[in-house]
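Contents: one structure, followed by commentary.
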Amino acid sequence: MSGNTQGKLFSVTSFGESHGPAIGCVVDGCPPGLAISAADIQRELDRRKPGTSRHVTQRRESDEVEILSGVFEGVTTGTPISLLIRNQDQRSKDYGNIAETFRPGHADYPYWQKYGIRDHRGGGRSSARETAVRVAAGAIARKWLRERHGIVIRGYMAALGPIDIPFEDWAEVDRNPFFAPNAQVVPQLESFMDALRKSGDSVGARINAVATGLPVGWGEPVYDRLDADIAYAMMNINAVKGVEIGSGFASVAQRGTEHSDEITPEGFLSNNAGGVLGGLSTGQDILVSIAIKPTSSIRLDRRSIDKQGNAVIVNTHGRHDPCVGIRATPIAEAMLALVLMDHALRHRAQCGDVRTATPVVPRLAPEGRQTPPAPEA
Amino acid sequence: MSGNTQGKLFSVTSFGESHGPAIGCVVDGCPPGLAISAADIQRELDRRKPGTSRHVTQRRESDEVEILSGVFEGVTTGTPISLLIRNQDQRSKDYGNIAETFRPGHADYPYWQKYGIRDHRGGGRSSARETAVRVAAGAIARKWLRERHGIVIRGYMAALGPIDIPFEDWAEVDRNPFFAPNAQVVPQLESFMDALRKSGDSVGARINAVATGLPVGWGEPVYDRLDADIAYAMMNINAVKGVEIGSGFASVAQRGTEHSDEITPEGFLSNNAGGVLGGLSTGQDILVSIAIKPTSSIRLDRRSIDKQGNAVIVNTHGRHDPCVGIRATPIAEAMLALVLMDHALRHRAQCGDVRTATPVVPRLAPEGRQTPPAPEA
Amino acid sequence: MSGNTQGKLFSVTSFGESHGPAIGCVVDGCPPGLAISAADIQRELDRRKPGTSRHVTQRRESDEVEILSGVFEGVTTGTPISLLIRNQDQRSKDYGNIAETFRPGHADYPYWQKYGIRDHRGGGRSSARETAVRVAAGAIARKWLRERHGIVIRGYMAALGPIDIPFEDWAEVDRNPFFAPNAQVVPQLESFMDALRKSGDSVGARINAVATGLPVGWGEPVYDRLDADIAYAMMNINAVKGVEIGSGFASVAQRGTEHSDEITPEGFLSNNAGGVLGGLSTGQDILVSIAIKPTSSIRLDRRSIDKQGNAVIVNTHGRHDPCVGIRATPIAEAMLALVLMDHALRHRAQCGDVRTATPVVPRLAPEGRQTPPAPEA
Amino acid sequence: MSGNTQGKLFSVTSFGESHGPAIGCVVDGCPPGLAISAADIQRELDRRKPGTSRHVTQRRESDEVEILSGVFEGVTTGTPISLLIRNQDQRSKDYGNIAETFRPGHADYPYWQKYGIRDHRGGGRSSARETAVRVAAGAIARKWLRERHGIVIRGYMAALGPIDIPFEDWAEVDRNPFFAPNAQVVPQLESFMDALRKSGDSVGARINAVATGLPVGWGEPVYDRLDADIAYAMMNINAVKGVEIGSGFASVAQRGTEHSDEITPEGFLSNNAGGVLGGLSTGQDILVSIAIKPTSSIRLDRRSIDKQGNAVIVNTHGRHDPCVGIRATPIAEAMLALVLMDHALRHRAQCGDVRTATPVVPRLAPEGRQTPPAPEA
């Protein structure tokens, strides 16, 4: 594979450029007998699609998905599921000026060096538009994980630039355009984004993702550890610069007595591990946190060079997200779902459907089933 | 593969348990014609081997490597290179008490749940002892990368528990048992570790790894991004809970004007990207930082359960590292080398030996978090 | 992967059912800079498409291919190339009768057993219609192999049922609907097929494929041998029951003095090896021969069972090829191209672009079974 | 992977040269809980080891296997199983003369071209000695397949050079050094081999392998078909030039009415398919036949060239098998076992442990080429 396929048993092969005819993917390895419809997938796609609020890009894309194969009479057949999303809004003129220059913070320069050619329109293959197909594929994984194992995968924004967003309530996440789990901070986020947009600058974000209800023992012990595959998947999301599992970087300053989660007959007393020990799931919540860098496309002048190596000034007036993190929550959820789905099948391959031992029913961290990592909290 | 092979073209298949007859690996895909000897590999192994100072485990292991195949008359033949390390110090009695109980923070519980059986001796497959084979395989990759591309890979300890270690000097790293790049802090680290050891507790650490001299364009644009494969490799190291590339989590609070590295005809003006844009190398230093959790094996009492689910008290009196991070630097370097080697071959497969365009010679970031001075500086 | 991706570096991920919305594939790993157009691909597709003569199925399919990604301004960019072929002629009524019964010689029964569900329309995923995407993908591989290495890949029908077709002339192959390399036998083939069609029965065929101009040393020595990957690819073609390389099964009765090809400073004196020794290309022609079974869908009554296990009589009145082998030549050529392309990139990954030693220019075998004259001859 | 790993879920990574320190492999993905000992593996190794009769090479190799990992207290743990076989008889002088010349029919020439270097001692990596590790790995797969699914895998010699060996009796196979299933022909084989050995020439053979007791539906429908993976595995055996499934090349001249196996409520009426339809197992016996070329190493003079391209005369006086096919039966069985094992796990991954539908109990073909009686018969 040349870096466009993720997953060993539940594998997603992605294709498409931002301003080409279409984007899409082939999902291979899906178990047969899963009821799935375009509507099931569309629901997830609509959560990340552009134009949903004034805080994200105004590019017009309905992101309508078509199922081309692998589903018969509403049920998966076990053959590859191909998903197609036609590109609609392709105002290449917005991007014509970048054919000859390299935008700072973008992949323009290394693409040109690697391939000697690049589809510069809207960033081509490197555009975050490609993440739509991951959300589409993730929708299939989520449905199977929920129906087969009762696994629930959710995410939320934990920080918008300098503003930390204390976790309050899952129910709030879908009530605001930021996926913020806290109603009180939303007005602050709104005004921050309005000011940011006016300034022409951009900002980063922190997104947390949580998976609840995993059986014990999914993952691999040495390479392809469950947390390693999660880190891989998250770092494959555009603009992600850091990944934490459980207490993450906070564990550097922790003592063993503080970090290692004690176990009682009632279950674990804490979840610094983030639900993974030795690369295998413990049955506790999987806790993931990712850092998303500020959007590289901004209106303000930036120094760069052109193909001839001459100094140029670059500023981007296309329709961009001043914070790509705002639309990243559904993507992070999808990536987590894809990894868990792959390991569900991998575990079944080697160890079978029947769990090899009766698990100790784990009790979740005292902070509560819903509460993801608050390393600093 | 069932999670014991890393790398698609330069692939390392690892085997072995802590207290079994041996550990080792098969390195497949190595280019022919590389001069390599057991001594070249032993040099790297000796940097991580136990018993080198009072601050690490006193387990006696000479970790002598034997090359079983793939090298003829001192040169790689292109066939698989098998590396074997016999286990010597196997005092199983140290570990007998863990056959029936699950050590907090260890993989005992999920292993038992996944497989229904586990080699409990010294943690068996989940022991950090397995990382020796990664260092051995990494030694081959490092030699090829240096000889073929002039790439230099180095690492150092950036924090020991609560103590930050400011980068001062590469030369210092190999002069103290901590891989600390700063002579002044060494006494503080010594006394901190002595107190820690007496206390019976353990602590975490932060390790940074840097690769210098990469060509532009290694990596893949969507999945298998260079930074994603690095995150995967690092998170596959025992006890790692977080990975950052470039400015990492600091980028959450950054503005686009601050984060995205400007380019001039002389090169990049900063390296917040950590040497990777859009999943491809930019030619700048690859900057990686990882969080290592405190050792889970400590002398102090911890609550846990046994196989029957009964409450038990666990404390470990085996010979353990009070800070596994102290020996992690060579491992992080090796993992970085393995990822770069794999992508060197992957790039060559698709794009050929000849670089597709003349690169702008990149200048290293003048300063900045995680950015040590250039080797020549 | 779940059996829908072929190739490790030049990988083709196929999708689609015979009577679903579309079939297609994603070609990943193609080197950048290859000039390719839909017309280049269409040319190959038209060679295998139905309705070209009275001897093949009359199903109406224009098999028009659309390139969805990976090509920019007529040139490959190095990103995945997605190819889409919409299904047009979907008279499901032709197939309604097979929803409940298992056609002898078809995959109906094992599909139902494996998945518990199947898209029965036209055989769904098991239809030979899927091979169109292989021909499409193969067209890209052939163009690169020819332009980069001067490799020419051709095939022909060597036997139609009981009728052997002596090789005469490459030029004749495209002048008759059978891909027969011999003008004299064509009338005999015509009348044989007319009689066969009237009888309602079907017949098998033997197809030979030849690749000329390979460099020495492509392939792998133990697994993934060049001939093993070719055998794998050929046996993946619907209805193929046997594969031979070089002298194939004739080598059973040969002596070593007869079989092993002597070498002189002018080159090899024969080609019993079929261009592969120890899994690596010798520089001689790659000689492959495959056996294709008779079409299982025939008008004559056959005994079978239904889903309840009751005895039933099955006969198929859909529009079928009385000899699927007639349209198999372009498919065999495509599969050979895909394997060679994959190994071209694999060889380059490990050994680089530059050949490691000056090759002895090989001379083609003067004659011998399965050994057509050289193209220039 | 660079061609030294076979299998996607039950994967065998092989290493070692004929005259290096050792050969061996890492078996990854084995289900936990399988009772396995070195003795279980040794039993299979002893069936192929040299020196067992005057008709095979007299090289002294006890081929003693050591289990280095993955087995604890006699049971597989689910972690990689490493198998090591030290080389003992390494009379390199036997081979010194081939350092500068290319033996006809051997991999010497393409190896040298590919890698620019080769371990010439005894053919190095290309020696059939490597197949010992496949037999060792296959022993593990066979045991699991038999204990878990009641699958029995057996092979026999169907032809020795010009002498066809009609199938008579499974019990006879292990009673003679040829694995001939027919006591009457053994004297003829003995005298044929004695004469051949005196002549200094070599001869080919045909080996059949049969797997009985498969469930319905193992395999994949498009690529990685069960028969394609079998063809791949068999063609990966040294000296194999052809592979047939079921009626193989005989199907070319068959009619559909003759070839496609009818089904009744009692089962299939024949097995021309060889147990595979559409890439999936039908539940009938898997029938495989392979062609093995004559040994290339013979005492008689052969023309060849040296590294400088000069004409030379080559003849080999090392200890060689005049018919490598004689020792190939256990290898073919092992390769078949490895493929079935891999697909057993792949099927379970996607479709689960529980069969999706009640199978029709298949009846074996009453007779027919390549169809030996059922084990219980």
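Residue numbering begins at 1 within each chain, and the chains themselves are lettered A, B, C and D in the order written.
By definition in this document, contacts are C-beta pairs under 8 Å (C-beta built on N, C-alpha and C of every residue); 3 or more make two chains touch, one makes a residue touch a chain.
Chain identities (UniProt): A, B, C, D = Chorismate synthase.
If you're wondering where the values come from, they're calculated on a predicted model, not measured in any experiment.
A.B. asks: Going only through chains that touch each other, how many steps at minimum separate chain A (Chorismate synthase) from chain C (Chorismate synthase)?
C.D. replies: Contact-graph shortest path, chain A (Chorismate synthase) to chain C (Chorismate synthase), evaluates to 1.
A.B. asks: Count the residue numbers both chain A (Chorismate synthase) and chain B (Chorismate synthase) use at their shared interface, divide by all numbers used there, and answer same if that is over half, different if under half.
C.D. replies: same
A.B. asks: Contact counts by the stated rule: is the higher one at B-C or C-D?
C.D. replies: Here the pair linked by more C-beta pairs in contact is C-D.
A.B. asks: Quick check: how many Å separate the C-alpha centres of chain B (Chorismate synthase) and chain C (Chorismate synthase)?
C.D. replies: Those two chain centres are 46 Å apart.
A.B. asks: Please tell me the distance, in whole Å, between the geometric centres of chain C (Chorismate synthase) and chain D (Chorismate synthase) computed from their C-alpha atoms.
C.D. replies: 26
A.B. asks: Enumerate the residues of chain C (Chorismate synthase) that touch no fewer than two other chains.
C.D. replies: 1-5, 8-9, 14, 29, 32-33, 78-79, 114-116, 125, 221, 346, 350-351, 356
A.B. asks: Given the complex with chain A (Chorismate synthase), which residues does chain D (Chorismate synthase) contribute to the contact?
C.D. replies: Answer in residue numbers: 8-9, 29-33, 78-79, 221, 345-346, 348-354, 356.
A.B. asks: Contact residues on chain A (Chorismate synthase) for chain C (Chorismate synthase) in the complex?
C.D. replies: So the residues of chain A (Chorismate synthase) in touch with chain C (Chorismate synthase) come to 1-5, 8-9, 11, 13-17, 20-24, 26, 28-29, 32-33, 66-70, 72, 75, 77-82, 84, 114-119, 124-125.
A.B. asks: Could you list, by residue number, the parts of chain D (Chorismate synthase) that touch chain C (Chorismate synthase) in their complex?
C.D. replies: Touch list, chain D (Chorismate synthase) to chain C (Chorismate synthase): 1-6, 8, 14, 102, 104-107, 109-116, 125-126, 130, 159, 161-162, 201-206, 215-225, 227-236, 238, 241-265, 269, 272-274, 277-283, 291-298, 300, 302-305, 309-311, 346-347, 350-351, 355-357, 359-360.
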